Amino acid sequence: MAIVDPIHQLQFSIEIVATLSFALSGLIAAARKKLDPVGLCMVSGVAAFGGGTLRDILLDRRPFFWIENSYWLWLLLGLVIVAMLLMRGRHLQLTERAIQIPDALGLGLFTALGTQIALEHGLPGIAAVLMGVVTAVFGGVLRDLFCNELPKAFSDHQPYAVFAFLGGGTLVIMNALGVADSIGLIAAFGITALLRVLALLRGWRVPAWRE
Amino acid sequence: MAIVDPIHQLQFSIEIVATLSFALSGLIAAARKKLDPVGLCMVSGVAAFGGGTLRDILLDRRPFFWIENSYWLWLLLGLVIVAMLLMRGRHLQLTERAIQIPDALGLGLFTALGTQIALEHGLPGIAAVLMGVVTAVFGGVLRDLFCNELPKAFSDHQPYAVFAFLGGGTLVIMNALGVADSIGLIAAFGITALLRVLALLRGWRVPAWRE
Amino acid sequence: MAIVDPIHQLQFSIEIVATLSFALSGLIAAARKKLDPVGLCMVSGVAAFGGGTLRDILLDRRPFFWIENSYWLWLLLGLVIVAMLLMRGRHLQLTERAIQIPDALGLGLFTALGTQIALEHGLPGIAAVLMGVVTAVFGGVLRDLFCNELPKAFSDHQPYAVFAFLGGGTLVIMNALGVADSIGLIAAFGITALLRVLALLRGWRVPAWRE
């Protein structure tokens, strides 16, 4: 008998939507650099799974998400084929705007899950937060490296990874205070995603180093 | 008493020739970017062994080929020294042409071996194919990253990794059908290398995303 | 009762000074590329710990230095905050000159420690030397990759990694001759650091490939 579990249902739905939006960010970056179909696939895949994969390499953790759930590789291939057939240059900017909210949800979810996994591996608080940031942000960083661009997450002066630090920090503190994991995860997710959405709406900027 | 094993003899010969041609592709890329001798060595080494090393990191597999067979590091050092003494700017393009066929053999061999190793590690089919592609192609991708260039394998619109996908896919399907490993390996190698040679002779291109 | 151990005290002091100077090299590179605070932190961290982390991934060795000693992550964060408050554009070149000597000490120390660790993991001599080079040099290489620059260590024609090869080679040879580890470590450190300082003072260059 299947037990209805709305929280996990919701998590699963966000995971799908967010992973697809990460993949689309890779597809857009690759299309802008005029990469060929192999490049479109690879950069989409790196954007979608690079962060979690890097975290798992650092934690020496296997199997990777995309090996355990290898149907995702088929999904990604399908996404790129559909995009090559239907998406045109004029759609790139529109797609980029459309994925902003799912991307913010992904930032929150992957930060929370990455930090939690690192805590379960016994990492000290600040290193666990860093693993949350790596999970959520380094897919995009690797995407930009493969596209021979300065990583956006390091250079666009928009608050993005900063919120992952705050969200991951929240989870670590709640964990240290003995709060239930599920509450900590929801708080970390909520704070990160909410702040990111607010930053998009209000056009917040991170302070620049004054030269 | 040594048993004569022509298949393994042949495999070993192709492995040497192909690895040297991968190393030379790194040397040429490094020379074009005016790297110093350290850069020439490192980029040659990454081009030759980066793909297999990345595959082994992803599969959590040790020891690496170049640690188990560390004489290869001496060979590589010798190659760079000889090249610095003898190779001049006018030889670069010639060398590039001369290594096209051994490079195609390497594409076939490393795709087949990488896919097979991944299957033996229990990876699902599509992930095993991806590991074959990583083995054969990511040495070149890392070479281009270290040279601060857009990866050729993602951007030159020549079919290269595409044939690795096809060859690896052939091996996975034959494996699933219960065909003997040796037959599957030879088929994967043959299809990948042959298609690559045909693509070079005929000037095939992969379809571009229509903007 | 604490036992006074001047050698380890000295090693520990050099480690701190050298790691901070590696981090500062990342901070300078990031500031020159106008990265935001997240970029400043990440590139500083990669410059400081990237080499040892890559070595540990290659050797399949855990925990990483910065996870076992996670106070270093706080130190790094503090360093970036202080730098953002106090450092200005006109200080960059001065800082760069000020860290040349500690950087040379770090080159020596991390080469020696990295080579020693690789020998203890059973690596053959030339691979152990390479691991020493990776430890000492690849933090800077990864720093430059994240800044979308050609790696300085491969392209500036200053002898740097070359001395790491010589120092690591010294350690391997002394190890093979049965010399005590501590003597080998000191010799490798001394030769590498001294040659680097001499190269800075005399303006030595590595030979270029003649086109």
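Order of writing sets the labels: A, B and C. Residues in every chain begin at 1.
One rule holds for everything that comes next: a residue touches a chain if its C-beta (ideal position, glycine included) is under 8 Å from a C-beta of that chain, and two chains touch if they have at least 3 such contacts.
Treat the numbers as computed from the prediction; the structure is a model and nothing was measured.
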| task | Compute the rotation angle for the C-alpha superposition of chain A onto chain C, expressed as a multiple of 5 degrees. | result | 120
| Interface numbering overlap (same over half, different under half) for chain A and chain B | different
| message | Centroid of chain A to centroid of chain B, CA atoms only: how many Å? | response | 31
| message | Touching at least two other chains at once: which residues of chain C meet that condition? | response | 57, 60, 145, 148
| said: Show me the residue ranges of chain A that touch chain B in the complex, using the header's touch definition. | reply: 30-31, 33-40, 42-43, 53, 57, 60, 62, 64, 66-67, 70, 73-74, 83-84, 87-89, 145-148
| request: Would you mind writing out the residues of chain C in touch with chain B in their complex? | output: 57-58, 60, 123-127, 130, 141, 145, 148-151, 153-157, 160-162, 206-211
